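One chain, chain A, appears in both complexes that follow, with chain B as partner in the first and chain C in the second.
Entry: the complex of A and B
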């Protein structure tokens, strides 16, 4: 594989040096972590930066931790790290379910969760799940640190709230205050690795409270506030599920592209919302299917 | 038999499993290896006004920049319509216009971007109905001047590169005789081969003018032949060209003939002395080798109440792309066989090869049969339903049998199609309705038959050399290609059976045209049959020579001598046994102390001397174009989620009459692999072009081939063996066949499960879900183009109906 554009490559010794370098070079510089998006874009000449700043070595960006009742996903935490984390498996199973549906083993071993939301393509898998968890993006730049709620992070396809010279250091995912269970559903063209044609994340809390978010059916990963309001405090009857599915479709703006028609996306979001709600509620009640199955493919008990 | 019919371990297994097996890109050419980057057309059709290479040439590390001016020659296997580099005009997006040769790939890529090509864009034709209009824009205005094989019939000053007409019986009388007639249109888009190994070739012209190519190819000798023809103006002859082909990482027809390889042959001449590598990216693999051609087909079929077919009129318009040098022969093959494996007294087939400004079409496993069998086998289920006959019983009643008259007048070879139908039906429990566990799911069953013959020139030949070593082991040198199918092992088994030497003591090498015996190409599922015959002949010659020398020394009657357990034995003297290793190199010592004999060497060859391509162009009657057909049947148990359209293959069964399975495990491998490849074309693969003719998904991100997760729950191969009289130990071809019925079994199962009849491929979950809700996929699919025409297939005008 060869890359046509010429660029400088730097691997600073410290994070502050990296930030200084990024601040100096502004939009001409790109951060390199897993590189699973960036290197492909370079090869296809979709981006032409002057400088790549490699952050792979920084210890403070590595790993998954727990602090102030929140999961801390360092900027270098890969999807495989998420899958292997006991902490995630125990307290954030929805995050784990999503990570298991990202691409393939090889990609998951390199691709970072933070990179996924920095690339911010409409079909990014982490988006809807971080949305329902009310995650927070932690950014450091030449002017210090700031926190961006995930709801304000995505601005458009491949556009985020990051500013030139800034770097995302971590994403924190607050531990749900109440007992919760979730379901991530990804519509794919086959069982193998695929980008989402559509995705739905549901987080159900005891007390009949629900959060929903959608991927690949709007310019960014979006929550479904009207559907959430409809469901609040209600028992999930067949009629209500039906209604919720239909309302969810009103909260999305799918387009037709090479992966799906907007008609199929809409129809499937309706089905996905029903199945995800049902599965999440069953899991909350302690009788749902194990995390990790794709309810678009498998029968659920 | 001791070795034939056994699932012998592949002789290349250890090498491949350990990673020791070399492929073209693995070969080390040292630090002087040069790398080429291709400058490609961004237009579907344009005049090349000017090519400015001055900036590219100045980049340090660039050795040479080559354009069409340097090699103003055409090439092609069956029709000389393809250019080494586009000259005056480009005809598809991605066509090679120039090449930059540099010391490393990055420099080549950077410099290639500095080649400035000035184009004058022209109108283009992507759509068959545009291409066939009265005043259509011509993709090849010079068509009438192109050289081509004797069995092609281009129509000058049109986009019709070839039109195969087959006429048998009286078609109108056939329809009058029918109690029920059904006519409908089916469409199949283009597909890509998706071999794991992309095309790669290294060319080197030494300072004496000797051109050697290391090529990832199914066709070393045919490549040499095509290179020699194309480069003849530069003084090159066959004896100056040598093609070496190491292992190939998947061919499926995509590495047959010559496509991108011509570039390396030319570039090597441009930089004499140094080797130069041309290595396709995955994207180029999709758009600048061959693609399976798209087709729109109209079928009119008449049947009597008892189910017997009275007539088939089959009109097929093929989107063959910008160059048809190989693809037109796919069109030809279908034109001879588009009745399917049935007894049809009255036949009218028009198979029309049409130029468009899309990437070149060409050979792909199945060679057109998958494409036409989708419509035909769908149609048969529908017409059977109309007359109230079970579709399996309908196929039984019409199944072709040995001696039946083929569409072109010759007679059918031995086959047991009815047996294949019955065994398949039993295995899928045809007629037994199955219930899905989930309320949103339904289960349907689908059934289809298939047939296919190799499409070969009438004088396509195979040859083999065989020799012994001191330890009694054997070397066989042939030029068929090991493309994963197990060919080397099968050749070893055939020789083993004759010589009584176990296959693991037989080395069969990949080809080098200087040293190995001739083989036309490894295509058409014919090498086991054709080359197998040559190897068998060589082994028999070696056996005769061994017996001769024992006879000379010991005086035993030749008819008493035979081979067993790597020894020559004698029926008249049971205690005599002479091990091969004791005489196959240095002969046998006589009582006088001298030696008789010497190294045992043998050769064998095979050419089907009974074939001819001399059929009447208006009817195809009179020739014998096909050597034999392999037939079979397949069935599927398919679960459909009515909410999502998603399908799961619960079980798929395929019965095929292979004559004799030389190696049953390898036949089963063909069934599994072919079925998966076919199911992918039915369920997942979905090619898309922009309205400007640019391929939008030349990658596995958006062009989906199955992964291990997408395997059917069960695949059941059924091997039937009705010997082929002219095949080695009775074997006939099997390879392509196993993917042919995949699409129609799925379409028929969807109909059985849901009542929905879909008449266009692919049968994606999306299409099924939408159509189940009454939404026509074509109405919502957007402006990307998968099929070779826009608009409603039902309104497509098959002009061929009115003419002829």
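Entry: the complex of A and C
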């Protein structure tokens, strides 16, 4: 099946030209980076822009760096770049664990992390993980630059805080101030490359502080502030884990769709939260399983 | 229509495309390169895999206009001077049945072996993740790539390797 809608394609020489073009064309224009979502949406007629602005040429948007004690993921950094980054492996293992669970190698070679949060589908894998890292989205537009905390970025399914004419230039991930370890759990219908039925990200800090976020169980990737408050300063006893799992379910609003029912999502999130917390805490203590394992396949409660 | 020029299997090619034309369709229908297959057309099956600047990607999720100036390798380019040792290994293991997935898997495994000449079974599995095969169950495919790694580089076309095909 080919793409039915026709559009113009431009690849400006500079970022400021791209922004001018986007500002002029407003909502009729779309930014094209890896295109792994956008080309699919065009094919399915979910979007019908008049113009695509390809930003792949801009050197300043490429690669992964470290600045002001934060990881800088350029808008063109792919999930494969994340997986290959020594910096990420050493200091942001939760990010790496998530990247390894995104689609397949052939998609990850093209799909960008920034694109993932710009598509902003409820099941996007980067959302929950960037949420627990308190990431910041950096945007440039006709009126200059602005920074949007990830907590204010997602507005609804496929809706973000971006305004017409703006381009996301990077997302920065602050290095946790304390020793931290995490766990990303992605529930899928089968072992292969599936979109998430539900996902849970946990970041545990020394001093018994925990951050939790959920994917695919609400219109956007959300944090679990009540569960975080319950856990703060506490030792993770079996009883507390149980309680946390139950409370987490109250913080989500899952729906029934092609991948799962809302009942199943709720039941599983309870289990996922327990396992993610336990795994993150064990990793923090230096005795957890290696990053990248699927804790839903483990034989633990 | 836009004229784009890129390198296809070592040769410079120029073709006129409309911006909404998908690379997979342009390769197959305008340039006659038929090894990338039309499968799911949504990034899930890997049948349309090509190497773009050496990396396996899904040509069903790329617009043709995007590849201006880039280098594309399809199976036609990999096997141009006869089967590579990797392909010989696939033959020896009888790794494919209908062969629909083969171009994508050969390319994904070729790219892996260039980066990582002696991959483990797990690394092969990761590299061909999302390259679905509905016939074989993958075991022979994975073993072929691991063995090709053990025996030498993926692309080197040594006479010795040629011989094993006539075994």
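Methods note: the second predicted complex is superposed on the first by the 296 of 301 C-alpha atoms of A that agree within 3 Å, B and C clash if a C-alpha of one lies under 4 Å from a C-alpha of the other, contacts with A are read in each partner's own complex, and residues count from 1 in each chain.
Everything below uses one rule, namely that a contact is a pair of C-beta atoms (placed from the backbone, for glycine too) under 8 Å apart; a residue touches a chain by one contact, two chains touch by 3 or more.
Note that the coordinates shown come from a computational prediction; the quantities given were computed from them, not determined experimentally.
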| item | value |
| --- | --- |
| Chain B versus chain C as contact partner of A:9, first or second or both or neither | second |
| Which of chain B and chain C A:260 touches, first, second, both or neither | first |
| Touched partner set for A:66, first chain B, second chain C, both or neither | neither |
| Chain B versus chain C as contact partner of A:297, first or second or both or neither | first |
| Which superposed partner A:192 touches (first chain B, second chain C, both, neither) | both |
| Partner chain in contact with A:268 - chain B first, chain C second, else both or neither | first |
| Which superposed partner A:41 touches (first chain B, second chain C, both, neither) | neither |
| Chain B/chain C common contact set on chain A | 2-4, 6, 192-193 |
| Touching residues (chain side chain A, partner chain B) in the complex | 2-4, 6, 187, 189-195, 197, 256-264, 267-268, 271, 296-297, 299 |
| Chain C-facing residues of chain A, complex | 1-9, 11, 32, 35-36, 39-40, 42-43, 52, 54, 56, 80, 103-107, 109-110, 192-193 |
| For the chain C and chain A complex, residues of the former touching the latter | 2, 18-22, 25, 41-44, 46, 49, 52, 55-58, 60-63, 65-66, 68, 104, 108, 126-132 |
| Chain A contact footprint on chain B (complex, rising order) | 105-106, 108-110, 113, 437-438, 441, 643-644, 646, 648, 683-684, 686, 688, 696-697, 701-702, 704, 706-710, 764-766, 769-770, 773, 775, 777, 780-782, 784 |
